[in-house]
Amino acid sequence: MSNIVEEFNAYRSKMNEKILADNNKIIKRIFNLDTNAFAEGALDKRTKELLGLVASTVLRCDDCVRYHLEESHKVGLTKDEVAEALGIATLVGGTIVIPHLRRAYEYWEALEEIT
Amino acid sequence: MSNIVEEFNAYRSKMNEKILADNNKIIKRIFNLDTNAFAEGALDKRTKELLGLVASTVLRCDDCVRYHLEESHKVGLTKDEVAEALGIATLVGGTIVIPHLRRAYEYWEALEEIT
Amino acid sequence: MSNIVEEFNAYRSKMNEKILADNNKIIKRIFNLDTNAFAEGALDKRTKELLGLVASTVLRCDDCVRYHLEESHKVGLTKDEVAEALGIATLVGGTIVIPHLRRAYEYWEALEEIT
Amino acid sequence: MSNIVEEFNAYRSKMNEKILADNNKIIKRIFNLDTNAFAEGALDKRTKELLGLVASTVLRCDDCVRYHLEESHKVGLTKDEVAEALGIATLVGGTIVIPHLRRAYEYWEALEEIT
Amino acid sequence: MSNIVEEFNAYRSKMNEKILADNNKIIKRIFNLDTNAFAEGALDKRTKELLGLVASTVLRCDDCVRYHLEESHKVGLTKDEVAEALGIATLVGGTIVIPHLRRAYEYWEALEEIT
Amino acid sequence: MSNIVEEFNAYRSKMNEKILADNNKIIKRIFNLDTNAFAEGALDKRTKELLGLVASTVLRCDDCVRYHLEESHKVGLTKDEVAEALGIATLVGGTIVIPHLRRAYEYWEALEEIT
């Protein structure tokens, strides 16, 4: 099942490269900001990844959820911590979040299988 | 084509089970509320399913639409009634709802083929 | 407190008139569709008003909620029926719906005070 | 890769036909309006397609984006013009738009390969 | 009625100043991008303002609509052109856009009264 | 200016009371969950308040933002921490978040004036 991690990352990298090769200044800067916004600051990286995860979940963006799950996994957040964040997202965003919750759990499981 | 019904339900059950096994109190209670909210009350089950369907459609949640189409089908709502509800959803939610309408019609057709 | 009903309707009428006077064909037809969509059909008017109310609530459109509360009140829907529909909307749409729920309750109360 | 264009259009046509065969008056009229709204008027067709594209992108509707990319391509909009419109959409709609940007770039590439 | 223009701009300026004084790098850069994205490029400023207006309208952000109405007015877009863009926004975004349409018409009227 | 804090809380309390007096089981339980979800758990209260704040901000719910700003203030989060969270929300949610950012800064200022 860990294929979903590889597939997602391969597609994401390939298309990001094409987008950035396009030299659209606004889009390039937004991509750049995206890297900076999640760097250590007044808040630590762990908290920021959870913020990115919850924002992505309530806005129901599966690819964004996957990205932040992966980053959350890398910085050592536990499943309990991630699940609690997802619980808040489901409460705030409502039951329409549940299908994304299913895919988030599936992706987290795949992330754990790789390591 | 009825495969889309089976596939959807199989994935949905499998992942719901994993989510509930996780013992996250908030998520479990939201799942629980979801069952209660659509039970007969001041409004009958048929009306409630249509409410769930329209809410899911304007929020453009395909899996939620599928779920409520299936429940609507079970309680005996006709295609005309469902189509009228979807028409209201498309008007209120705008033409961005149309792609979800296509998938809703496809799923309803699959539901009718099974029975 | 019934002022909020009058104020809302006065502003709504005044601006609708200006918009329609503008002779924009697309907008005029959308306004027209809006009237037709909620007329008796395969589903009765009461059910349709509840569908409009729930769609408006999960999309968090206060003015749309007010309009459908008023229509719901006119067709004789009870507070219990309306509250059950709003409960479904809050569950599906999440706790971000709650501020709109407060304003919906306030408006319903104003509607009951007039009659 | 141009398959994604053919597949999208085949599914879209097939399901639109079924929806329209259903004779739901509201839905039929909305489909009709959709054709009229993008016809030459005070604004030319090129501008209108870009408006449709940006609206679809910020609302994160992949199928709508595909449709308007295809129309944009037909009326001769260049990749630079389309990319600038998508840049505005990403800025206004936020980084959750990025996954849709990836798919938009992929679809545009497929459109260019066909011709 | 032109007060709504002055009030909006006064509040907007006052709060933007406070936000920018705060030296949050991410927010400052987003504000900066916002200026750049609407500058003349492959698309002219008029088209870009209409794109900003439609994006703001379908996302139902009254303050963003006001801002882009004002910029549209400054670059000489006519009421007919703006109304056609708003018509597309209402069709794509659905009837929940209508309350924002009312406020957009009111603001445009106020803009015309000043000049 | 601290009036906006008092006014918000007075209206919020008054209407919540009325809603809860209504004995709608679904709504009551959602209110109840809301209290539980933000209690200390695998994640501490400070992190959870930031999650609630970011979720509310990207979903552009001013009243929810106010509530979580107030809770954030109570648990001792600094302006820098809150601003960093709001920066992430603005990046993820796009420039349509900016009007809500203005009102968030205004409310935070009012909170600081009281104490």
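Order as written gives the chain letters A, B, C, D, E and F; numbering starts at 1 within each chain.
What we mean here is this: a residue touches a chain if its C-beta (ideal position, glycine included) is under 8 Å from a C-beta of that chain, and two chains touch if they have at least 3 such contacts.
Keep in mind it's a predicted model, so treat the numbers as computed, not measured.
Chain pair B-E has a twin interface among A-C, C-E or C-D; that twin, with over half of the contact pairs alike by residue number, is A-C.
With A-F and B-F as the two chain pairs, more C-beta contacts join A-F.
In whole angstrom, the spacing between the mean C-alpha positions of chain D and chain E is 23. Rounded to whole angstrom, the centroid-to-centroid distance between chain A and chain D, based on C-alpha atoms, equals 26 Å.
Inter-chain spacing, taken between the CA centroids of chain D and chain F, is 37 Å.
Multi-chain contact residues of chain F (touching two or more other chains): 25-26, 30, 33-34, 37, 55-56, 58-59, 64, 83-84, 87-88, 90-93, 95-96. Taken together, the touching pairs cover every possible pairing of the chains. By the touch criterion given at the top, residues 11-12, 15-16, 18-19, 22, 24-27, 30-31, 34, 55-56, 59, 61-64 of chain C touch chain E in their complex. Looking at the complex, you find that chain B touches chain D at residues 60, 79, 83-84, 86-88, 90-91, 95-96, 98-99, 101-103, 105-106, 109. Here chain A touches chain C in the complex through residues 58, 90-97, going by the rule given at the top. Partner chain C is touched in their complex by these residues of chain B: 30, 33-34, 37-38, 41-43, 47-48, 50-52, 54-56, 58-59, 64, 78, 80-81, 83-85, 87-89, 91-93. Against chain A, the residues of chain E that register as touching in their complex are 25-26, 29-30, 33, 36-37.
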